[in-house]
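Scroll down for the structure; my scribbles are underneath it.
As written, the chains take the letters A, B, C, D and E, and residue 1 is the first residue of each chain.
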Amino acid sequence: MSLLNTEYKEIAWQGLWKNNPGLVQILGLCPLLAVTSTITNALGLGLATMLVLIGSNVTVSLVRQWVPKEIRIPIFVMIIAAFVTCVQLLMNAFTYGLYQSLGIFLPLIVTNCTIIGRAEAYASKNPVKKAFFDGLMMGLGFALLLLVLGGIREILGQGTLFDGAQLLLGDWASSLKIEVFHFDNKFLLAILPPGAFFTLGFLIAGKNYIDAKVATRKPKVEEKTIERMRVNFDAQ
Amino acid sequence: MSILIAILVLGGMCLFFGALLGYAAVKFKVEGDPLVEQLDALLPQTQCGQCGYPGCKPYAQAIANGEAINKCAPGGEDTIKKIANLMGVDVQPLDESHAQDNTPKVAFIIEEDCIGCTKCIQACPVDAIIGAAKQMHTIIADECTGCDLCVAPCPVDCIKMIPIAQTTHNWQWDLNRINVKTIDADDYSNKQSNNVKTNTTEEVNV
Amino acid sequence: MNISIQKNSRVLALFAIVCTAIVGIVHETTKNRIAIQKQQHLLNILHSIIAPERLNNNIYQDCLTITNAELGTVTPQKVYLAKYNDKPVAAAITTIAPDGYNGNIELIVALNMNDTISGVRVLEHQETPGLGDNIDERKSPWILSFNDKKIPAEKDSQWHVAKDGGIFDQFTGATITPRAVVKAVKKTARYFKQHKQELFNQKANCRGNS
Amino acid sequence: MGSILARIKQGRWWKFHGGIHPPEQKFLTMHKPIRNLPLPKVLVLPLKQHIGQKGDIQVNVGDNVLKGQPLTNSPHPMAVPIHAPTSGIITEIKNTLVAHPSGLSELCIFIKPDEKEEWVARHICQDYKQLSAQEILTKITNAGIAGMGGAGFPTNVKINTKVATKFLIINAAECEPYITADDLLMREHSSEIVDGIKILNKVLSAEQILIAIEDNKPEAIKALKKVTGSLDNFHVCVIPTIYPTGGEKQLITRLTGLEVPQGGLPSALGIVVQNVATCFAVADAVINDIPLIRRVVTVTGKALEKPQNVWALLGTPIKHLLTQCGYQKQSPEHLIMGGPMMGFSLPSIDISITKTSNCILAPSTKEIPKDNNEVDCIRCGQCADVCPSQLLPQELQWFAKAKDHDQLQKFNLFDCIECGACAYVCPSQIPLVHYYRIAKAEIRQQQQQDLKAEKAKARFEARKQRLAQEKIKREEKHRKAAEARKAAMNSNTAQAKDAKSAVAAALARAKAKKAQASDDNNDKKSQVSAAIARAKAKKQAKDGIATNKTTTAKTSDRLTKEKNADDQEVLDSITSSNTETTKPNTKKQNSNDNNNETATKEKVLTKAEKIALAVAKAKAKKAAENSSTHHTDSNLNSIDNDINNQNNTDDINAKKQRIAVAVAKAKAKKQQQSTESKNNQSKESS
Amino acid sequence: MAFFIASSPHEHNRNKTSQLMRLVIYATIPGVFAQWYFFGWGNLIQISIAVCCALLTEFTVLSLREKPNGKAIKHQLFDGSAILTAVLLGIAVPALAPWWIIVIGAVFAILVVKQLYGGLGHNPFNPAMAAYVLLLVSFPVQMTNWQPPLSLMSTHLDFANTLSTILTGYTNEGYSVAQLRTHIDGYTMATPLDTLKTNLTLGLTIDESRKNMVFGENFALGWEWINLGFLAGGLFLLAKKAIHWSTPVSFLLSILIFTFIAYTINPGMNAPTMFHWLSGGTMLGAFFILTDPVSGATSVKGRLVFGALAGFIFVIIRHLGGYPDGVAFAVLLCNMAAPLIDLYTKPRTYGQINSNNTTKELT
């Protein structure tokens, strides 16, 4: 049981930090950079990605036994595309308000490399439960990164947080808006795509810095002596 | 109706492409792994086994299967860089546990101690030792890769690894290493005693 | 080889069929609801620019498709006619401002029969967030400044952004976007002024679905 | 060709790319005649003073040598001989610092002059015009002449071209700012130089002879023009002064507009370039039979009171030259052999003059300051503007710093002539040439290593194949032997019995002998065991260091166990490795004299890892099998010994016994083989 | 006795990067003087703020990067490159822009554009222009608030007033920048380029637009003089061989050609060449920005292509772009193209010939 637990912990750690799809694998850059101008947008895309990621991971994991190796990619693509389209249609039909604000992100997700990446790298090799958890954690990692990125850009760009949250969450959310500080002039670069590149760059640098710090603080692993192999002719 | 058409069209397309992929999978199947060959070509072929694999090829095979790329001590940083390049991964520092003093060396047999047991001959991966039973052995310095696999089997410990000396031929323009010394030129007989290293390479303009 | 080909094509086709079928079924089942939702959405917009109590026809059904270069675009545009007891009240015309900072801006302009503007809304745009996107009603009330303006005459120096000497504010730092919107609204209004009679005489021909 | 000549006659020269104008410093020495120096106290002659190989030493320490006597000799064309510059006694032959930028030592001959200047027998040639080309070549070869401009390429090789020569270019450009050695030589010995050129041309029979000389040497030009005025295919080409015109490739372009193809030699264009000083040496050698034992050296620089050109015997220590010219010690001392652009710093004052040393530069501290203010390249491109090879130095330094060898080669690093023009103009003061030299050396070394790796791989594969074949053969032989024995056992006829048992006996005898040879060598036994004991003691000491975590008591305990070759020990060590998670030990099970090779010295290496459990299991299995093999081996050996004994006693009635022995042996062998194959299987499965 | 060991060449012409940089800084003096004469103290104040910020940022980054010893930091700090960047940025920003504009610009130029890429010699973009573009894109309001020439202003703008405006946004008398920009008759002033652009969108022709008083008459208002000042500085640099002739010549020629074509096709909508040469940042760009060796092309051929491309982009942006001036964008775009240009203008190395040529000549 504890073995299982550590395994899930590892999956979570991978998704949230060590192998974070945005920060480390640098996947899904296009939506990541285009949409994170505010924290609200980031939240929307993050939720949508997480949802699709979980769904596609579970689906791919379910069908993985029947998928021959040679045609796995087309099949995964089809599954993801079908999944996204269905979600989009359903949202359009039943939660129109949400679709209005999230809908534009959904088509972006079809081409998000994170999703096909996880399908190929993880879901196609692991049971449903794990694939689900991996999707959840990777999605969460991605969403968290988006939130941080959106937050920073929004603060830098217009000095607010959760501006326009009502568009995503309903009218009650308009009270969420926080004016961190006020300036007359927006810092447009932060809102524009270059600002996203800069911010992401600094975030990645920060992560590497933290990792390096942690690595130096860790006590050196005890020295191993290697097993020197003899070139063995008889074994061949 | 439109759905039916969509299903038919997509189904048909997939039949075709599936067939194509199936054909391609059989037709273009790569026998063996060219990657291993490429990796093997990058390794220094000392066959020293310091990486934990019996020879360079097995290690190349292991790298292709995901083994760490930083285990080749004789290749050093250069080889790691090249492998990293080939594998598309980050360069890592040499794994300390595999790191030995990897200055180029050749083996040398102290001839008076050699008992002619041929054990080193059997250990040498590149047939660089000649000799016969009860005959004194010697090393073909040109062929020796400096792997030091012959050192351990020797029952009388008569094999030494000697670093390859620096000559004007293999000098690498390392001006910092030049020993500046002044010797009394007028009296060469005194030279030995006067061999004072002033050890002042100064601030060398490198 | 044959086995591989057969197997792969069969599996791929199977997945394709299943996936397409699922999408198709979902599409079929949600089709109507989506249409209703869309209609509702458009209706909401229309109602926001033409007060719902001013009309009693089914504005969504009373719709024309027109193509006229005077609108500033050659793509077919829609005209929704608002009537009260079959008497023309106002019309909402969609249009495109082609010279936005970042491409086309899709607008809907509602015009009263008395040659004033009832309201303008932006349907779609790609303007710079935080700068040009203030034309969106959700971001800034700027678009409301058109309300109740009189349709301008041929040479009206007032129908410009402030920078060009007109009455409409530009956003600080962004002149191009409001300039484009003002221009498009102006063109649409003029078109309406000239053609309002014939518009209301035409028969509805687009049956409401977009 | 015709058009080229027309242009040459008009004095319209072609341009080569780049070049610089470093400030002229020739005035320090150019107005003083060449001085003759007193003999130094000692002459130090490096065996190799040129490009190529060193010859074999012909003399011994203590020998008296005469002036002009060859000291080395070699049939190799790239190994030119060296000669004694004066008569004297050879005091030493040993490694000492030589004139090389590395400051490394090479083998040198030390001669203590006896001041008698006794010549070896000479054959002065009255009329060199009578000599055949082959005779001239031999004379030049024996005189040890190598290019005296700086590179030192053996002259005999250079003029021995297969291609018909169109132009013989005499390089008198001497473009380095300080050097005036050739200038003075031309002024004082112009007729000898022209003689030398004529001699060279007898070998080359070039259509035109171009003497290229920069316009900053008016007197030399006058002297040369005077001597060559009457000769119709001689052209004294006065070319503008620009560094590095003296570079062979640049000079060719300047005079003829042709470019030496990449990686090619001038001879491919039908051009041979020779230095003026070389021409003088050729004349001396062919006419006067004086080998190359002296040369003009410019001793210059502001650290000298009397900078001057001097006739220096090869092997003269620089210290001698400097004292003669009034050297004022600087701090730190900076001595340069060669010019300021391409010369190299000397690490000592005791280095001697060689065939290629044309200048000793002793600058004052002010003259060539030692600032080291390298900053980053700002890609100003000035280096590319002055590069005579039209390289992109700024790109090259970038790649050189990054050690990107592929890109370096793609950007033609090896076309760099190391003239130093780029580093001279660099505003960021980057020692560009130095980076290129390092990179070149590294690439060359890398190429050598690659070659070596290739060879090693081939040998490794060959060995593998050979061993595999041997194994198959061995097995085949064993199988046949076993069959034979079987047949012998089964057969009833005495004759067959006899024959077969004889065969078996012979086989057994051979085996025994073999075993004896490797194991029971009585003569050497004591010696061997002594050596082994020594080695063991050494290893024990090593083990003690390596396994400092285990107590010495334990170590010694283990060693005693090892001596007994106890199987239990192996298992012990494995189990201990299971429990020991802290530090894995390398354990050695030492040899038992009676065992054969593979079993004698088995290194049991253990590793504490996560998967230790599985590994240990597999190992335990393997060890168990090994030990069983070992038992069968010892059985085999005891049988062999038995046979041995029997062979010693001439026994006629022992047939039955022998057969029994053979049977036992076969059985043992079979057992061994099966265990072996099992071994292999288990190895594979593990 | 100590021996000094060095690699050849031992001689050096002792030109230094820092001297080169200093020379370029000196060469900006005529242009800056013209700016001061016609527009007051604004740009001088901007330059000084920029220099301080740039040096401070450079010092901080160099300290963080832990170069071997303190001497090295000092050495690098005053190699002139940071100061030059700051000076160019200070010249480029509007004279009355608030102080934080220039601070952000200078810090961005040094920190992000220069040091994050590896410091001197490693930046792919010209730091001053990259920072200028950042400011222009981020703060379009402040960056387009150009102050009219002193002679057209209703308020007297002395040093104290200028400083106060830059630091607080208001003069000592309490006028805002917007008020300062207002002409006596209530019309907000813009630069000639800006005015031209606005008027063209309003359907006026060039000739009609040029009747606007910001254009002045015959060089009277200073924009032309500033450009001439930078031209003079540039010629000084050429004379000193601090910059190579190829880039400015090809840039200006390329502008000449393209504007001439445009002018010939439609004189009503396209300004003449002389206007383009002497307005905006043309001369500054030609002699001080494009000639930045770090971010430019290296070979002569490459520089010619580089300059011509910059000229083309410059004209395109001025005619069709959203911003009035195109120098900064043209420079950045060309910076991006520089490695490619370098690759394709790589000189033929000595001896790299198809052997046919040589043999033909000999035979």
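As a convention for this text, a residue touches a chain if its C-beta (ideal position, glycine included) is under 8 Å from a C-beta of that chain, and two chains touch if they have at least 3 such contacts.
What you are looking at is a predicted structure, and each value in this text was computed from that prediction instead of being measured.
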Practice task
Would you pick out the chains that touch chain A and also touch chain C?
Solution key: B, E
Completion exercise
Most central chain, judged by mean Cα position vs. mean of all protein Cα atoms, is B
Completion exercise
In whole angstrom, the CA-centroid distance of chain A from chain D equals 57
Completion exercise
When centres are defined as mean Cα positions, the distance from chain B to chain E in whole Å is 52
Exercise for the section: Starting from the mean Cα coordinates of chain C and chain D, work out the distance between those two points in Å. Expected result: 82
Exercise for the section: Scan chain B for residues touching two or more other chains and write them down. Expected result: 14, 17-18, 21-22, 25, 47, 55, 125, 173, 175, 178, 180, 182, 200, 202, 205-206
Completion exercise
Listed in rising order, chain D residues that touch 2 or more other chains are 101, 103, 332, 345, 347-349, 370, 431, 434, 437, 460, 463, 603
Exercise for the section: Spell out, as numbers or ranges, the residues of chain C touching 2 or more other chains. Expected result: 4, 7-8, 11-12, 15-16, 19-20, 27, 131, 172-173
Problem - Sites on chain B touched by chain E in the complex - result: 173, 175, 178, 180, 182, 198, 200-202, 204-206
Problem - Residues of chain C that touch chain E when the two form their complex - result: 101, 131, 160, 163-164, 172-174, 176, 179
Fill in the blank from the handout: In the complex, the residues of chain B that touch chain D are 40, 43-47, 55-56, 78, 113, 115, 119, 122, 125-128, 133-134, 143, 145, 152-157, 166-168, 170-175, 178-183, 185-186, 188, 200, 202-203, 205-206
Fill in the blank from the handout: Seen from chain A, its contact residues with chain C in the complex are 37-38, 63, 66-68, 70-71, 74-75, 78-79, 81-82, 85-86, 89-90, 92-94, 96, 100, 157-158, 164, 167, 185-186, 188, 191-192
Fill in the blank from the handout: The chain D residues in contact with chain B across the complex are 41-42, 91-92, 98, 100-104, 106, 110, 317, 319-320, 332, 345, 347-350, 370, 372, 403, 431, 434, 437-438, 441-442, 445-446, 449, 452-457, 459-460, 462-463, 517-518, 521, 524, 527-528, 531-532, 534-535, 538-539, 591, 597, 601, 603
